[in-house]
């Protein structure tokens, strides 16, 4: 069930440069099915900015009816969002889309979670659930620079966590793709910039790979065809997946990116 | 007292509020959120003969109080719409207005002939105004003689009344309206989107992969109101108005301008419950404004002393 | 490093930012707020041969992220502009672009001939696009042949370069641009306002006494950007871009689209200091984006690999 | 000197149905020249609503650098304004226009101040200044209904105050014009709806009458020609006054309304 709810802010803080962690109360938390689902947030009561912003659910607590998001303050909408205080309410539509299939990896197997920048957050709940299940979890996260890094300690609670930065100011200098070459694992769950997803998809076509993709959205629920991508292995070129309602998580071979 | 029921050619509506074409798919998604029976009608996504993938992404960009889209008529194609979407929609007691599109005249004609046979399709909306496809759409929507010709051809084959959807990207909207009236249109739907563009400040390139897109939302409302005001005074066709509607007040403004029913597009993305909310709020607003029935509002802005509206249900 | 100086026909500008015609009067009012010498140029209010009172009030109405105006070319008339306003403005070291309007060809020609003799008038802006006057304006702005003819006549008498101000209320903006280029225009200014209307929900009547008005402000920016993008690729004329500009980022977007200078209209009402603020912020923004000079931005959205802008000062 | 200033809110409260009293700190208070001047307020940081709202200065305190406005919550803009709290700042352009000429009435003379609805506020500072000067002040104010009445007590401090309501729910039933017929006075200062101003102008063409007029505005400073009105006694029909910069207060015979 998709719900539109006025959600009260439980906590809201900046956890890295322009990176905010936002926790809200929502009755629809009970409806969340898998890590990697997202919500669609209305950032103002007016009509400018007009569209909702899609933000991933990074963790949730069904007992408390709370969930947490982590987002980067970028443009007009997230800037407005970042000004909201604890106690205020925000109009959220969710939960949306299909998340990471925790069932696809077995106890004792090794899952590699690869995140780039603001693609890291949805992997947090995933890591938690995989760990609870007895899966061995490894994390490789890429950021631009030291000041962008967040949640390293939190992820370390669940498994080995390697951080790379483009400028080398923290962790390993370079891209996540350089680092994963040296790791062993049974499957990959990844979320981040498209070039990163593309590289991983290409390199590991022999492994189970699950990608979470981003695209500019209109409705967020599958009605407007704004967020489609072509499906893999379709000679006609006409078949498609809607990222908002079929995804945002896909098996790598399902989609062309 | 039912203040909202209206009757237009082919359409007996419990209320004059319907989602606009392309902003509501074929209804499945919004049916998860509320009972579609609440709606006056549904304008379904443009249908073409063949399945179309449409334009590359990104397909939407936000602008001030508006958005650009360049979906490019993505749709499952005539066969699938007839065999899957329309039968699914028939579980609801809601008339469907089928948006008919194509690249050439023959394609429009084929879609119109076939789709108008579906029992729950009560009217066609002839989409001669889509700004986001390279062929077809735009020429049909900007040259009066071409529009008239196409309307006539479609009327010949359609089993239900035909509403022609006008493009605002023209010098003279009245001329277009009169042309399609002469071509035999039963009604008008207006306006479609205005061609616009947004450029990414960082990359220097247009945000939309298609470069240009159609501007919709509150930003274009004054243009829609003006065009409906102009057109409603010089044709006898009922008008389904649209362009930036987001509230019950906006609906009244469109009626005042000359509309007899309205469609809500972009606002569904902002508030997915906008259609049922408006339907709920309208009776009270009419009461406050002193109208017994919404049809009394049609054309008020140009009628003398609030003379009764022309298209009274 | 001066990143902002640009040169256009007749205009050697310290920066490419100027207030748009009709939104800045003849400069006197804003001179109370800041030093007009900061501005790249000033586009003064439309001037006609005779004094005009203009339309009845209300003349403005607010819309979503925009406003409608129907001033109706109110101005003190050619004589007074030449004898009082321009001499007053000559205390500033700022080139004036005189907006020339009229109801018939002869009137445009007379205003152009006389006003172009004023020493501080460095260019004319031929206003063939005012949507708010019953005669003149609109026909000149929507029929290519008429626009070309008028441009030619005005060019014959003007002592300074002529920029033709295009109306967005046309089916084909490219055709209009090419027509005035063929007529001898030295540059283009675009866009003027889009015709719109707002109806008062309580009275049922249009808010503007003139009923329709011109839509300006952020709402129309995507339309301006699209039109400049289209036109700049097919003419050799430099473009002064306008329509919804309110920030340094917007200025860059207009340059990317194809503008070589810009004008700021409605935003002056929202923030009377908007022009000097933008001028102050631009160098830093250019630095951040990696440009040595603002002219490098012109046409980036359609040029391959950032090839040097055409109209480099 | 016209100034644009971010003014801090000192107090903000609802004093009648949808009528708010807003006091702010502003350095430009020192620049205020006369009662009846106004300010132009930006009600949001965004661009929807776009235009500033003109609101009269109802009183000011040059020592404290504060001034007060009274406004009715009507449309989008004033609704947003009414949500601001003490301590927040609001972007105000002012002082604007020309106010009531206190010098036009002498000590001992009788000034009649006639206000309709939201036209009442600018008369408050006027009443204060006239009283200080030794002018005898009488007030006649018209409202729709009892719940709309405000500042009756405040005005009573300066002189006789008669309130009329259209529905008769408070004070005298009827219009202000009915009441003033029975009063004696040397001059009138009035502000309110145009029909009221027009009636007063017509009825008292033999007296000194000063009107404050309202019109929809763009710039608020005289540059855009949005707010003009025709001048009285002009056969050409081309001469005009700008309400924002020549007014909003005019001698009755100066303008056609």
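Going by the order they are written in, the chains are A, B, C and D; count residues from 1 in each one.
We take it that a contact is a pair of C-beta atoms (placed from the backbone, for glycine too) under 8 Å apart; a residue touches a chain by one contact, two chains touch by 3 or more.
The chain lineup, named per UniProt: A, D = Dihydroorotate dehydrogenase B (NAD(+)), electron transfer subunit; B, C = Dihydroorotate dehydrogenase.
All values reported here derive from a predicted model rather than from experimental measurement.
Undergrad: Could you compare the number of C-beta pairs in contact for A-B with that for A-C and name the larger?
TA: A-B
Undergrad: So the centre of each chain is just the mean of its C-alpha atoms; given that, what is the distance between chain A and chain B in Å?
TA: About 36 Å separates the centre of chain A from that of chain B.
Undergrad: Determine the centre-to-centre distance between chain A and chain D, using the mean Cα coordinates as centres, and give it in whole Å.
TA: 55
Undergrad: From the C-alpha centre of chain A to that of chain C, how far is it in Å?
TA: Each chain's C-alpha centroid was found; their separation is 46 Å.
Undergrad: Averaged over CA atoms, how far is the centre of chain B from the centre of chain C? Could you give it in whole Å?
TA: Taking the average C-alpha coordinate of chain B and of chain C, the gap between them is 34 Å.
Undergrad: What positions in chain A touch 2 or more of the other chains?
TA: In chain A, the residues touching two or more other chains are 47-48.
Undergrad: Which chain C residues sit where two or more other chains touch them?
TA: Counting only residues that touch two or more other chains, chain C contributes 63-66, 217-218.
Undergrad: What topology does the chain touch graph have (line, ring, star, complete, other)?
TA: Shape = complete; every chain linked to every other.
Undergrad: Within the complex, which stretch of chain A touches chain D?
TA: Those residues of chain A that touch chain D are 44, 46-48.
Undergrad: Which part of chain B faces chain D closely enough to touch in the complex?
TA: Residues 64-65, 218.
Undergrad: Show me the residue ranges of chain B that touch chain C in the complex, using the header's touch definition.
TA: For this pair, the touching residues of chain B are 63-66, 68, 142, 169-172, 194-199, 201-202, 204-206, 211-212, 215, 217-223, 225-226, 229, 244, 249, 252-253, 256-257, 289, 297, 300-301, 306.
Undergrad: Contact residues on chain B for chain A in the complex?
TA: Touch residues, chain B against chain A: 22-25, 28-30, 32-33, 45, 51-54, 57-67, 69, 71, 74, 207, 217-218, 246, 266, 268-273.
Undergrad: Mind pulling up the chain A residues that touch chain B in the complex?
TA: Against chain B, the touching part of chain A is residues 1-2, 4, 42, 47-52, 93, 215-230, 236-240, 245.
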